[in-house]
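Please find one structure pasted underneath; my questions will follow.
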């Protein structure tokens, strides 16, 4: 697949519509983001492991806002880009997405429904899973078992901030998780309500379910079991899918008049 | 701390123009209500953010109640809209978290509704008493 | 004594006579306050808001070198300005002050739980102290006032207010939905006590308004949109019918003088079913148009639909209207027997009591019926109306067949008042009339500055009282117009440019467009707040994921401190 | 010239004299036809009032016949008759008509005697000549000047100002005992134009016109005037008058100019200096008639006459007293019978007074004072009374103030007494201080005010001899108890009627279960003063 | 235009405050003259106010302080207006500043002098239920909190000796040689807001006021239940047993709606304040029962009727239609027996209570005739100031002189406040139309 990618990137660079293409480069065994310019050696371009390229694209809006940039992005990363654009972190006009389709296994592993970006240029578009992934069944809520489950999960946390760092939509300069006003310092595991739940609340209208956070979590806390469920609720209540429509404003910023809450009475899903 | 010694501790966010004025009116009318709630005055219910609920419940507060102006009455036009939407997400999280969603509530009280203020407060305190201490509370 | 020095807090706990001290242990609260961190002085006073209380505060600030003051007493809504001014007089920035409400929201609502109420007062004070430690000095800003007033409603009230404002040298827009000025007065036959026709009163007023080029009369027009705040409201007016183009105005103050309607008592005393049962205004219309049939005898029924029957309130003027019209019928038909069935005759004051006496002398009968036994009205023989009522003194029922039954019904708020109230951002009371800022001391103000209230929109009242409120509302407007500027509270939003990434969440939730993006900050763009436009609602910090934008006076730090103070109670 | 044919009324007792009359008839004994026989079951049935009213109506002579002493079918009926007739004769002697009455005992068997008695009596009356009342031009009947319609009455007396506040109801001494009656109820009936209900007995006639309700009415309704005029509208009969309507009849008689009262001054004993002309006139009122009329209740208010004159003489005053003083007419005014008789009485009295040249007229009876002050101007014109009117207590107070009555020094003894403010003196005329000034200056006595005194005093129970019934008795007992509760031994009255009503109730022979009478002694203020000055000979208390 | 505008306000009560604060906020210079040593007016004597049962001094004190402290308002207490001349737009006013024998700027209001002063006189503020000294504050929350010496009471002015207060005063603020002074001010308009007096029903013997100790007027009762009052808020009888009255009777329209005492008008606020006082009695002690005897229950203002129904429902107040005929005192127990008619059974009943509160008429100030004469304005037949144009109740019979509050006609506090603002508007209009010396605005708008 990397070969195909190198060819595609080369074509794009050749066309000259972009000043360069942001992709991944392997250098002495380490893979990192690299900005390939026209004429660069593309051999080192690789496609995995996944990397929060959307966050890197913010650099261009900051430092050279009028350069057009190409970027090799998977479906979820493109959606992340859309969400970042809604927070004025990137300018979509100046970015040309070089769509990289995930393989069926990758889609299955992510539980991703639409495995491929809008215009797939690398790899063949896969339908992704027939319907959305099933969440893990959570224990029953009434007798507190479910809460104990989450307490147990969150108590594993070693506050490495991996989930925040790797998340393509976490664009804040100073994150509340690191703010002693909110999260009392000096205690491990961190008090999960102010640490994990505030993060989950912020994810409710941003997370694009790329599950990088889970991948990055050293103690494998099932973070997207919470974030995913919140996304479903947001979708159901506010008819809003993260990363889908660049024009649609984030639900928590709009008023009831222009975006009424749809199901008022029905209780949140299990 | 045994069951009967436990007294619920409830935090109520009131917006200055409607629910806080309604609370005052309930006082002027000497409408009696349980003592287990403390009012925190903000200028508008839009000032409330779910993060406060997490911070509060984490420290052992058993219930959080947000009282704003009726939709359409907000002194600042749409503050209560935002509060309502944020609250929806918070409520969903409670369900997924396994915490009784009844621990947190949002409602509207106008400046002239002293009786309504008494009613919603009394009902919420009773509900929290029923639910018992907050499981999030770190065993206070 | 600068604010960033270590906080030195003074706590003043008020007895408020017996209103607080009578229901919770004020000295214990003061003593407890003394034990809290950074509290260097605490005392309790009988009336903190009185001269001696304020003197104690000034004295403590000077002698104890206080840089924070907390008063625990009634409600900030009425007394915060007073204590802030006292701090300012003693040289302390007025915003290094925190108000704790332990009366309206503690002692008065927990009157049978001495200990729990005292405990609650202590915790409220602890929350206040926690916030006080994180207060910073702030300064009020002034904004210019548009030297134009607007009056909604062209009845006697609106016209009087408009004339008073114009005569004091200011431009005023008088907006009336109907095509003609005069409101309810147009439907009256005679007004008391001058016995003149309403036209005589209205014509003079209307002439003054037309002659005064500072007055702009806009009949057949209504307000469809309102933005902005005291001093500069943006109003959009539209003609009621047709699609003429609207008019956008910038005005400094607004007076609500939209009046009221007469209740149609369907289903009461046969109204709408039995012939010959009319309301007061319908009678006055017949009198005005001269098509009142011959009256042999008539019965007036007071309090129709009022005081618990349909609405809960007494409508103040229906007794006098009833008596005026009863005397009018006695004048037209001296032999007619006119009886007024009443529960209480509200002939308050001097001239109304005299009218009531004159009616009795003129032969109008007054019969009191108990509230539980209202009169019964049904179709009587040969076109008459049969009224059966109980005379308590004679101790028996009396049946009368009369030519006319007149029902005195209460004034009620307009059906669509809720729309206007929402546009103005002002509440309606339980009685659906506009809900004033304070029933006793601010009867013609609203809680939000710059909007005033007068006439029957505030509640039922007679013409003279409406004129007094109209002049009063004019005066309230003139305090802003003549001052030319308005002081705005500095509880506006501010941006921490180090942490703001310019994501624009705050911009989107701000109802006043008070935030814009500018160059700067770590991400090349940061939000910037225009204090003149920001009205201090605090919705933007609610939408900021990184707490980069804060509302002064209600910062996250302060709110979190209060939550923590409340939460860890004992420890 | 036709001879005078006297009209005679004979009241014959059924068992003896009536039977005697039949026997005369059976025996065809002839006697003049002038007699109209009226059968009564017993001569004891005949009351003073019957005789006086017969004479008032113009009867030339009245003959009462009964069984011989001891024969009375009802044992002692004839003895009662004897006393009644004796009392009536006393009254008639004042009017100079005593010969027009005679009492004869005729048994059932004395047909012959019956005829003889009749014949002799007719001739005697023929000799006397016609009863002056025959051509009396005035009558107590409906004066006609008061229109019958209630509505006009309502307008005239300001009753429509009533706000039904209920204060009069909660004040009236009668309502407190009889809930069917209340001033407000009467006003409501008038306002609702219901004359028939107003006239029913529970209505208008229960009112004792004490004026407490008018005094307290916040709406200024002159309820007294309303009751007075309503009674005029309602009736002219006298069926509710007490003591058989004697006083009202006497007023009717005295209203006839032709009637003179030769015995009017019989009460004047030697040692009392009085005059026919002079500066100060003492208007005695009906006192001379009181005792004979009230013969059956053993009440003696007339002592006040002598005491008053003695005190006046002691102070160097020789009061004018009029032989032809007529009844002031008060009782007619308040019983709805003021008719033309009242105006005539007013005229006669005022002319008589003017004839004596008196500048000051002193009244023992406050009812007389009020009638002269308020009712005479109504019938004689505002300026008819050009002389000063004052109550006897005002004169006494004046004399004491001017030191013309040297009162003996105080003794350490201080008999507690209290004063009954007569309604006509206090509330009607506003005179409250004079009696107190007198009592305060009396050595040996100490005034204890009752709870209700002055303008707030409670009434002595009845007025103008009307409707004296159980209410009046209960009020009298209650009032005397109040005096006792105030710690007084003496209850001083300043009105002969209060004096009479109180004593009448005290004298009433109670049965064993009636509660004991209040331990107070009733004394007239003039008598008390005279006694204190040591002027009383024997005299009554 | 506003720089040289100024207004005189006579009377430092709630109506005067509202007028003063409106004018001052509009930049007009206000001269306020108050006869008694402190501003506050009648409202300062009340315990609570209907229909909200707000604590009266609590909502009044901020207004008092704001008025006294406002830079545009010059408050003169213990002062009276002596003479007024000139016309609308240009009045010359002579103000007599009575000597209070205490320097306002020196006195700290510590109150030490009062403890030492030996002379006690009855306190007008406490309606005679408590004493004050010759040197005194009328009440604790007085504004300005400056002592005043009552010349007629002070021993020094009689005997030339004493001066205990001078010794006691560390601030050296007392000076018995101070003299009255007269100040003239020039104003564009005048507002009179002198309030009312309470009718004392001595002449109505049937109710025994002045004879029976436990028969009090409503204002006296307000002082009795006031925490800062003579009994420190303990509801107690005035008979020397000082017992707590468990049964209270309120009688309405005492001396009001009373033709006999030529006061046929209704004082408009008594039905409400009797209900309030009955509520407060029940609040002080839950076993207190109250009876209110009325002719018409006049609760016509906003929220008033609901207040009365709450009184009946939640506070168990017994409302009885019909005035009691008379009151009799039981000499031993000093309890009072009222005779009244029960409307349904029409019986005359006796109700035994431990205290009777007479809701007496509220009448114009005793000195209203002098004030009217000085101002050159007319009065109506009851000494209220006359409004020639009935529809413009703010305007007196003299152009440029306006009136607000109870001195114009019986009204409650919200109406007085509204009329306070109304007179401010009229004053501003008057000055705009008749500027001192400037071109009259009249031609522009005529």
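Letters are used for the chains, namely A, B, C, D and E, taken in the order the chains are written, and counting of residues starts over at 1 for each.
Here is the rule we use: contacts are C-beta pairs under 8 Å (C-beta built on N, C-alpha and C of every residue); 3 or more make two chains touch, one makes a residue touch a chain.
All figures in this text were calculated on a predicted structure; none of them were measured in a lab.
Touch-path distance (fewest steps) from chain D to chain E is 1. Chain centre most remote from that of chain A: D (centre = mean of CA atoms). Look at the CA centroids: the one farthest from the centroid of chain B belongs to D. Just to note, of A-C and B-E, the chains joined by more C-beta pairs in contact are A-C. Put simply, the C-alpha centre of chain B and that of chain C have 26 angstrom between them. Averaged C-alpha coordinates put the centre of chain A at 119 Å from the centre of chain D. Annotation: 73 Å between the Cα-based centres of chain A and chain E. Averaged Cα coordinates give chain A a centre that lies 34 Å from the centre of chain B.
In chain A, the residues touching two or more other chains are 176, 182, 252-254. For chain D, the set of residues that touch two or more other chains comprises 161, 163-164. Under the contact definition stated at the top, the residues of chain E that touch 2 or more other chains are 52, 54, 257, 321, 343, 346. According to the touch criterion at the top of this document, the contacting chain pairs are A-B, A-C, B-C, B-E, C-D, C-E, D-E. Within the complex, the chain A residues that touch chain C are 58, 61-62, 87-89, 171-176, 179, 181-182, 202, 249-250, 252-254. Per the touch definition, chain D reaches chain E in the complex via residues 161, 163-172, 175-176, 179, 182, 216-220, 451, 454-456. Interface of chain C with chain A (complex): residues 498-505, 508-509, 517, 521-525, 543, 545-548, 556-557, 560.
Note for the complex: chain A touches chain B at residues 138-139, 141, 144-150, 176, 182, 191, 193-194, 197-198, 200-201, 204-205, 226, 229-230, 233-234, 237-238, 251-257, 261, 267-270.
The part of chain D that touches chain C in the complex is made up of residues 160-164, 184-185, 188-189, 191-192.
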